[in-house]
Amino acid sequence: MNRSICKVSAILCFILMLTTSGFAADTIKVGLIDCYSGPPSTYTNDVRDAFKLAVDAINAKGGVLGKKIEFQTRDTKFKVDLGIAAAKELIMKENVNLLMGTINSAEALAISDICKAEKIPLLVTFSKSEAITGAKGHRYVFSFTENTAMAGKAAAVGLSKKPYVKYWIAGDDYEYGHAIGNAVWENLQKLNPKVELLGQTWWKVGEPDFTPYISSILAAKPDAVIVATGGASCVPFLKAAKATGFNEKVPFFMHTATELSTLQPLGLDAPEGVIGTSNYFFYYPQTPENKQFADEFQKAYGRPPKVGALYGYITAMFLKKAYEKAGAVDTEKFVDALEGLSVDSPIGPLTMRAFDHQLMLPMYMGVTKKDPGYDFLVASDIVTIPGEAVMPSIEDIQKARGK
Amino acid sequence: MEPSSRHLSPSLLTPIVILLILACMPLVGSRFFIYLVSGILVTGLLATSLNLVLGFGGMYQFHHAVFYGTGAYCTALLLTKTSLPAWVAFVSAPIGAALLGLVIGAICVRLSKLYFGMLQISLGSLVWAIVYRWYSFTGGDDGIHGIPLPSWISGGKPAYYAVLLTVAVCFFLLHRIVESPFGRIFQAIRDNPVRCEAVGIPVQRHQLIGQVLAAAFAGVAGALFVVVEGSVFPDMLFWTLSLEILIMCLLGGWFRFWGPMVGAAIIVCLRTYVGSYTEYWTLILGVFLMLIIFFLPDGVLGLAERLTRRNATASST
Amino acid sequence: MLHVENLQKSFDGFMAVCDAHLVVSKGDIVAVIGPNGAGKTTLFNLITGQIRPDRGRVLFKGEEITGLAPYRICERGICRSFQIVNIFPRLSVFENVQVAVLAHQKRALDLMKPARNQGKTETERILAGFDLLDQKDRKAGTLSHGDQKVLEMAIALGNEPDLLILDEPTAGMSPEETAHCLALMKRLSAETGVTILFCEHDMEMVFAVSTSIMVMQQGKTIIQDTPQAVRASREVQEAYLGECPNAA
Amino acid sequence: MAEGIALQTILQQLLVGLSRTTILFIVASGMSLVLGVLRIPNLAHGSFYMIGAFLAYSVSAAIGSTMGFWTAVLVAPIGVALLSFAIERGLFRHLYDREHLMLLLFTFSFTLVFSDLVKLIWGSDYRSMPVPEVFQGSILVMGLTLPLYNAFLLAVGPIVAIGLWLLTQKTKIGKIARAAAVDREMVDAIGINVQMIYSVVFVIGCFLAGLGGALVAPTQNITQGMDHGIIMETFLIVIVGGLGNIWGALTGALVFGLSHAVGIMVFPQFAIVIPYLAVVVILMFRPRGLLKSIW
């Protein structure tokens, strides 16, 4: 009988030993939760690397309020349950000051729920569902990336100028897919009531083979297709589009299609003439700050910065300035300081809207084209849509939050 | 202590003492520790419910997680989609899982060993595919999170006590079943189904009842998962989780009642501890499993018993 | 009590049992003898439902039980032991017999009461009868071959059968174990009045204990009669015993 | 929307479905062979498929596109076969007399190890292998546009099927392997080195998995998640077709591939559910699979 007790107490103290924290004492502790395996990692690696670049620079100059910034990463493999487990572990065991991350919109919403309960700020760096700062927004969540509402408005502005009438929506069957699909369609209908929706196709996240889906969409002969794919399927979809000649037969719009992180892995195998919106090109606008940031990143990591790098970098900038403005490593003061704060970034000054904690990022709309200077396709005839023009109105958000 | 030849089932005193230790643990443990131990208790119940049909029933239960997931989804859907009182949602978990166990069991129980396992995986995968793709109803790949739990069990400590109480009751029932005539005959079927049939036992009906019972307890574990985590995911129904629970039974020693519980504790701790230091947890779990299969065929408890028997005989000679 | 009429069973064309007849009346000890491959074990499997017959009928106490599932036949009172040892190796000797007792007492579906003392008296009575009581707690798998054969019979008795079928009970036993088994069968039949049907190669034992003998060859019943008549009959000698030196 | 689709498009979908069937058949026949003869449900089969795809990517990236493709389709499966040979000789050999469950869990441990090893070696970001020029574009078959590469796959399928049929029916090793499937002790008793037969069969099975991976590489993205998905499909195909039966694997792959293609067209949201449904319905009536399993 005594042997069973010593067995159980052995296990219990093994667990106790487990709860020691992995952080050094007296630093600003940041938990970065994101998906670092599979296709989405083309985007998330840049966020992490740029954030590290900025944090090292800040720590070199004595950190913030005399404290160094330290961060740990957790890989969620694009799975919501691993994301939640990592968030709980970082908050309760490592007691981090704030959380950052995740490309999977559903994960971002789940972690946002936890942060609301635990009163820990969550800095969203890549998931774009408008619900994050819209319907489900709260005091402790801040978004440093454009969201589906902004992308929808920008895309609608671009597509409404085009002659297409019969549209088809196809995309990943998860939070982001549905959010971007609806946002583009609703805004397009407002701007151009003549448009008509032929039908929709939703495939499972990470679908390996799109050929059967593409052939069934082609069968319905739409004028244009709105492709609502997220991080997991952008690149494979473009590959299948090129293989089946989808882009020659039917013009299609895909958010983030013109982004370097989507086009670089495909190299010259990427389809041309795809309409896409993006937040950042290292080759546009040709300003000195952008060039300096691009060179710094190239020097550090041997590859040009992609859109994720912009998000990672500006998150570090905002974090530093907000803590300095707050004057202390205190969550409530940090949140108040962050609201309405503006920081100058490689693409010009950016401000965090106080009401819904959404960063006002400008949107660049372009078309993919081969360019002799690069071994990957680039965006051409770029149209800049300023941040303010694409932000969802305060009334929309209040309606969405059901006030 | 004279080493009894039958497999070591501790007298009633030991579990009560352990229960007391666990009961007063929240007063001293940190929040994360409470969350972790409740996770271990839920996983332990799940593994022990699998062991009812695997270790004691000899059935190749390759897809036990589908009952666990079904129970969790029953509770989650009833809590989020209907205004029924919370206890209805919690009671629906074992009932839903048991019903599924009846359906899948009735089809699979006609087959034996390998066929049984493979047929069960295909039926389970059908359930997974439906939950995974029914975006409008089950939230598909995103799962359901932020499930509204009643106030008396939401939050770290109350959830822990609710889990501890339910798991204790379930373990008591499971222990009684294993030691009951039903359990005794279940083990006989494991050893020799032909002989059982000849001795007058309707083997298939017995195995079906075993399946329904194991599914019901897995459903309870599913409901407790919702209490601890407040969210459900399609991955709970995926076959890789089933094999992970199988590993827990193997690690702990599946011919002993407390084996899977020990296995679950070790694996959950390892996953949390290793997970925070490296991304390559699955690699470590894989190597760990290989070592168990090679060097520890009858699990940690088997090893412990061999050691105690060796020094018991050594001391008594 | 048991009537078997022209049973037939073929496996992919090989006629294992082609025309078997058997009559067993209450209290008898009937032996089935015949060269290897005569279809004795197949006949037993057909009676106890392990295999379904192609043609023919099996009647027990007037009720037809052809093709029933083994557990239904056992419920009606026919229990059997197997030629190759067929016990529960990982359970203890006590638990092995207890399983049969519990099944007989319809306690199989009782989920709650601890099984340790369920059906304890009957099990221990049977074990005492086969003097296995002292090895009660040993794991069945660790017993000697002879003891396992005895345990095999004890399990069959757990169901308190009306008809006990033994498939070569003394196979692989030493002479004194065989004698012991012989005495056991006699005592069983005398005390409990249970009818016994068994098949055996040990001629001396067959003629010593059985009240009626059925001889089979190539799946056919040649003759069923008293031991003396069988020993004297001409057909049996040619078919089975060859030239019998001291033909009476 | 369903009734608007002409017969022509239905045929188009089925043709696309057929080419996917070839890949499923090649991988499933490997699994069926190993399962039939060695009676191990090799869960690591999916990992060999994934490693085959990654190896094909590395080879074709190193050598260049047209030539690269052909060397990749040759080298990748052989690489996988060598890897499987090393594992079989080194580790599996000691476990053959253990219980089925132990062997199954042992293969599962390989699934876990390989999924992370691949991430270590090839890194986690995206890999894609260009379709060789000779197969780019599509051809008209009875008025239907079929990508050329899919047509190539349709040709490879039957070749592999016949090759396997010849191997199992006509060659000495094939006969002995089928005998070992039915009764291992007897084959052992008459002096045949069963261990050697087992390792040959295991290596051939994994070769097929690697070949399947190499052939699928140009059609879709190569990521770590490939192994979990394909395992479930091959498991179902092998059960439906009958264990160890090559033609069974073909029928199973057809059932699965076509019902998936039809599913996408008719009920896109539940596309992946329909093949499972078809399999489950068949298994309800014939739990042992459509064709006779060899044990």
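As written, the chains take the letters A, B, C and D, and residue 1 is the first residue of each chain.
Please note the rule applied: a residue touches a chain if its C-beta (ideal position, glycine included) is under 8 Å from a C-beta of that chain, and two chains touch if they have at least 3 such contacts.
None of the values given here were measured: they were computed from a predicted structure.
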{"item": "Chains contacting each of chain B and chain C, listed by label", "value": "none"}
{"item": "From chain A, the most remote chain by mean C-alpha position", "value": "C"}
{"item": "Approximate Å spacing (C-alpha centroids) for the pair chain A, chain D", "value": "36"}
{"item": "Chain centre separation (chain C, chain D; CA means) in Å", "value": "51"}
{"item": "Whole-Å gap separating chain A and chain C, where each centre is the average of the chain's CA atoms", "value": "76"}
{"item": "Chain B, residues touching no fewer than two other chains", "value": "132-133, 135, 279"}
{"item": "Touching two or more other chains - residues of chain A", "value": "36-37, 173, 202, 204"}
{"item": "In contact (per the touch rule at the top): chain pairs", "value": "A-B, A-D, B-C, B-D"}
{"item": "Residues on chain D engaged by chain B in the complex (per definition of touch)", "value": "39, 41, 43, 91, 94-95, 98, 100-102, 104-106, 108-113, 115-117, 119-120, 228, 232, 235-236, 238-239, 269-273, 276-277, 279-280, 283-284, 287-288"}
{"item": "Residue ranges of chain B touching chain C (in the complex, touch as defined)", "value": "4-6, 176-177, 179-185, 187-188, 190-192, 194-203, 206, 209, 213, 255"}
{"item": "Chain B-facing residues of chain A, complex", "value": "1, 3-5, 7-9, 11-12, 14-16, 18-19, 22, 36-37, 72, 74-75, 79-81, 84-86, 88-89, 92-94, 106, 109-110, 113, 173-175, 178, 202, 204-205"}
{"item": "Residue ranges of chain D in contact with chain A within the complex", "value": "1, 4-5, 9, 12-13, 16-17, 20, 119, 124-128, 130-131, 136-138, 147, 149-150, 219-221, 223-226, 229, 260-261, 264-265, 268-269, 271-272"}
{"item": "Complex interface listing, chain B residues touching chain D", "value": "60, 62, 107, 110-111, 113-115, 117-119, 121-123, 125-126, 129-130, 132-135, 238-240, 243, 246-247, 250, 279-280, 282-283, 285-287, 289-290, 293-294, 297"}
